[in-house]
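After this come two complexes, each holding subunit A, first together with subunit B and then together with subunit C.
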Partner chain A sequence: MDYVFSILILVGIYIVLAASFNLIIGRAGLASIAHPIFFALGAYTAALLAIHFGLNPVLATLAGAVVAAVFSLMISLPSLRISGDYLMITSIGFQLGLLQVIKNIEITGSQGGLSNIPTPIAGPERGAVFSIIALAAAAGTVLLIRWIVRGPYGRAINAMRDDELAFIALGRDATRIKIAIFAVGCGLAGVAGGIYAFYFQYLTPEQYEILASGTMLTMVVVGGMGSTWGPVVGALMLVALPQAITFLQLPPSYMAPVQGMIFTLLVILFLFLKPQGLVSPEPPAPLAHRRAGRV
Partner chain B sequence: MFEPAVLAQILWTGLATSSHMVLFTIAFALVLKVVKLWNFAQAGMMAIAFYAMYAGVNQFGWPTLPSVGFGLALTLAATLALERFGFRVLRARRSSSLLFFIFTLVCSEFAAYALTLIFGTEPAPLFERILSPVRIVAGIAVSDWDLLALGVTIGLATALALYLRFSSDGRCLVAVSDNAELAELYGISAKRAYLIAFALASVLVCAGMYLYGTRTAVIPTAPLQLMIFAVIATLLGGMGSVLGAAIAAVTLSLLQSYSILIVPSKWQGMILYVFLFVTILFFPSGAHPMRLLRRFGLRRG
Partner chain C sequence: MSVLELRGVSKRFGGIVVADDIMLDLQAGQILGLIGPNGAGKTSLFNLISGIFPTDTGEILVAGVRIGAMRVHQRARMGIARTWQNMRLFQTMTVLENMVVAPRDYAGESLLRLCLRPGTVRQADAEACDRALGILERMQLAHLADSSVTDLPFGQQKLVGLARALMNDGPCLLLDEPMAGVEGQSYETMRAVVREEAARGRAVCVVEHNISFIRDLCTSAVFMANGRILERGGIADLLASKTLAELYFGA
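Moving on, here comes the complex of A and B:
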């Protein structure tokens, strides 16, 4: 049963990550792929606060989210000057550079990883409680993003993504929107990091390398970039499907690469057979139903 | 610490160890210039090249040359298949750059997983011995590997420059890189140019992995880290400038080598990212080393 709970928790965490990533890359069209580093910042901050100061896990997770949101400025500010491929490569540089710091300082456990993270819940119900927390966080994230993008702010985000120059010419503030979107998206990734840290109780820098960017981006694209439910479907499929072979009970040295190959083959298959994603983006709301509002 | 002999030794060793990085960077920059693609699948090509050569030498017991030939043949086959059945389809669909990014990264991931399944995660050099004979020349330790690495890199870079400048196919590549649609109007096949660019990149990657694998033990995921260096050097060199990217690769390698004098070795990796960040912020279209040289009057143009 623990195994099933672990999968449910991972599904919940990846839904938070994919949905928040989709807000940045799919909704706002900001081609940053550094999302895993904000997941890492949330996880490490929450874990370190719990280890060294005994902070309550909820507060530690919130602190992780705040740290991730603050660090998002390091991507959102460059995004005011650059876009497209350049922003993508800058975000890779930011992600790998910060990982290099995490790998080299002692307080984060360096290359060996951070262990001895206290668990707030012990006993047989631990898996079930964490599953509920992770799935609740996933539901909360999806609903929050749905609420943001369906309101006037969402229309402003769409307008900025579609034609930034015209958006600015109309007197709108693209700077504020970009900074806010990065802060919200990265803050949510920080929450996912906190949940991950307190359940798995071990963090290692390798989890947040460029391959993690590929994984999250894949969930968004396979699910359907720019749609509300796409990242949910993408995360669910790409976390759950490779687990199917666990029941074959292969030796551990074969299991990870075979799971990886299944994952990558699935992605390639989807990219060619369903390039628009499994869930199409919702059409904009009819004009009559739009409320007037200024951002 | 700053004695001339020490500085000269670091310069020599830095140049030699930059050789494979230069080859990877040229391969990456060439594909970016001609195909307009950030080819993160290059890491997969690099892994295939190394492990094919490794299988030739260590599992089939072949001599070096046939093993290198085998590595090159497999890399070429994989790369051309990728272009023919992958990139061409995505281009025809006018896929976004993000889709290309995912596809190329996932291809590299697939290669790494498949090679992990076959060869495991134990680091392995190409040959059992990774040390080569050393001689002292004017107070500088010069190894056979240094000479081979510099010779191969200079030879291949020169051959590529001559090919691009003087052969008709090379000129077609340059034309396609400038404006693919206009080149097609003049009867130049962009598809053929792309295939040639990928084939040339395969040769460079294979040579680079041979040099790297004769010096260092490799694991299936190692090429991804090496490729990040190539990405950063390409960006620093200015997109579209293969020579600029090569100069950036040498400069970055030397900076990393010299940094051991003042920066603890564990922080050397950071230098790359600091440079990337500074370049993106202050030179958004690349540092363009050739333009900088012209600006300071060091090169006519």
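Moving on, here comes the complex of A and C:
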């Protein structure tokens, strides 16, 4: 049963990550791939606050979200001047640089990782409680993002993504919108980090490498860039798939390569055959207006 | 008082001078034609006014306020509305959505305001919707409000570009080749609406190659070449000018 719960928890966490990443890259078209580092910032912040100050896990997770949101300025401020490929390169540099810091300072446990994170819940119901927390966070994230993108704010985001120059020449402050989207998206990744830290009680820097960016990107692409439910489908598939492969009972040495091949194949197949992903983006809520044609 | 004033505005990109000591004074209700051969610096002048490039020297004032240090969106909020040669409509959006994001103050732009005062945002949105439909009705486009802009023929897309700019109710309207590729009914509508806007007190500046449109609409014009204003004055005098004929058609 614990196995099922840990998969449910991972699904919940990855839905939060994929949905918030989709807001940034799919909805707003901001080509950052540094999302895992904000997951890390949330996880390490929450864990360290709990270890050293005994902070309440809910507050520690919120603090993790705030730290991730504040660090997101380091991506969003450069993105005011640069975009597209250059933003992507900047974001990789930011991710790898910060990861080096985590790997090389003592307080984060360096290479060996951070262990002994206190758990708020013990006992047999632990898995069930964390599953509910993770899935509730996932549902909350998806609904929050859906609310953002379907309303007037989403309309502004669409317009900005379509033509930024025309957008600012109408009086819209694209800078503020980009900062806000990065802060919200990265803050949500920070929440996912906190939940991860308190359930698994152990963090290692390798989890936040470029490979993790690839996984999150695959979730978004396979699920459907810019769609509301796509990241849910993508996260489900990509968490479930490695588990399904274990049932094939392949020799352990084949496992990793087989998994890598399947992920890569998925991305290639989707980009060729179904670039819009499994779930097409839904149009924004239609603008309610008095019937046109009143002469 | 002048709505838009340019005092000695200059700009160069490397060796290319796109604006050389430009003086311009636009009054409310005036429709000023900006003519000249390709590469004269007409569109660049619009880009300098709307803040897409900073000026090297000189001052730009809107209703007496210096706007030189302001960013693009701040200038738009000061009341500089503009259109684009190639329209730059939001391709994934409907006609109405294109317009609803375009008022000077768009309530839905602030996530904070959306969270704290959703009611006022909704109301502002509804008002913007009504204004947009009013503008579309003036252009006989109201039936297309919910169409995707990419489904419209070129002439109507041009009209939507103007309609979107009109959502900015500021005093100054810059039109960049509104007539290029526009014919028939759309042409008539465009002319009528621009005239109406000026009559309502907007200062309008039009870059246009279509000389008959300029003659129809403008009372005065300036003639630019190589980033400089070579002549200015009444439209009839200017069109009769020798310099213009030489530069346009060769001596």
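Here are a few things to note about the model shown:
The criterion applied here is as follows: the second predicted complex is superposed on the first by the 270 of 295 C-alpha atoms of A that agree within 3 Å, B and C clash if a C-alpha of one lies under 4 Å from a C-alpha of the other, contacts with A are read in each partner's own complex, and residues count from 1 in each chain.
Quick note on the criterion: a residue touches a chain if its C-beta (ideal position, glycine included) is under 8 Å from a C-beta of that chain, and two chains touch if they have at least 3 such contacts.
These figures come from a predicted structure and were not determined experimentally.
In the superposition on chain A, contact is made by A:A166 with subunit C only, not with subunit B. By the document's definition of touching, of the two partners only subunit C reaches A:Y153; subunit B does not.
With both structures placed on the common chain, the touch criterion links A:T90 to subunit B but leaves subunit C unconnected. Of the two partner chains placed by superposition, A:E125 touches none, neither subunit B nor subunit C. Touch criterion met: A:I177 reaches subunit C, while subunit B stays clear of it.
Contacts of A:G214 after superposition on the shared chain: subunit B is touched, whereas subunit C is not. By the touch criterion stated above, A:D2 is placed in contact with neither subunit B nor subunit C.
In the superposition on chain A, A:P257 contacts subunit B only, with no contact to subunit C. In the superposition on the C-alpha atoms of chain A, no part of subunit A is touched by subunit B in one complex and by subunit C in the other. Of all the residues in subunit C, the ones that touch subunit A in their complex are 50, 52, 71-74, 76-77, 82, 84, 88-94, 96-98, 100-111, 114, 121, 125-126, 129-130, 133, 136-137, 142-143, 145-146, 164, 167-168. Taken together, the subunit A residues at the contact with subunit C in this complex read 148, 151-153, 155-156, 158-159, 161-163, 165-174, 176-177, 180, 184, 284, 286-290, 292-295. Only residues 25, 31, 33, 78, 81-82, 84-86, 88-90, 92-94, 96-97, 100-101, 104, 209-211, 213-214, 217-218, 221, 225, 253-254, 256-258, 260-261, 264-265, 267-268, 271-272, 275 of subunit A touch subunit B when the two sit together in their complex. In the complex of the two chains, the subunit B residues touching subunit A come out as 38, 89-90, 93, 95, 97-99, 101-103, 105-107, 109-110, 112-114, 116-117, 120, 224, 228, 231-232, 235, 266-267, 269-270, 272-274, 276-277, 280-281, 284.
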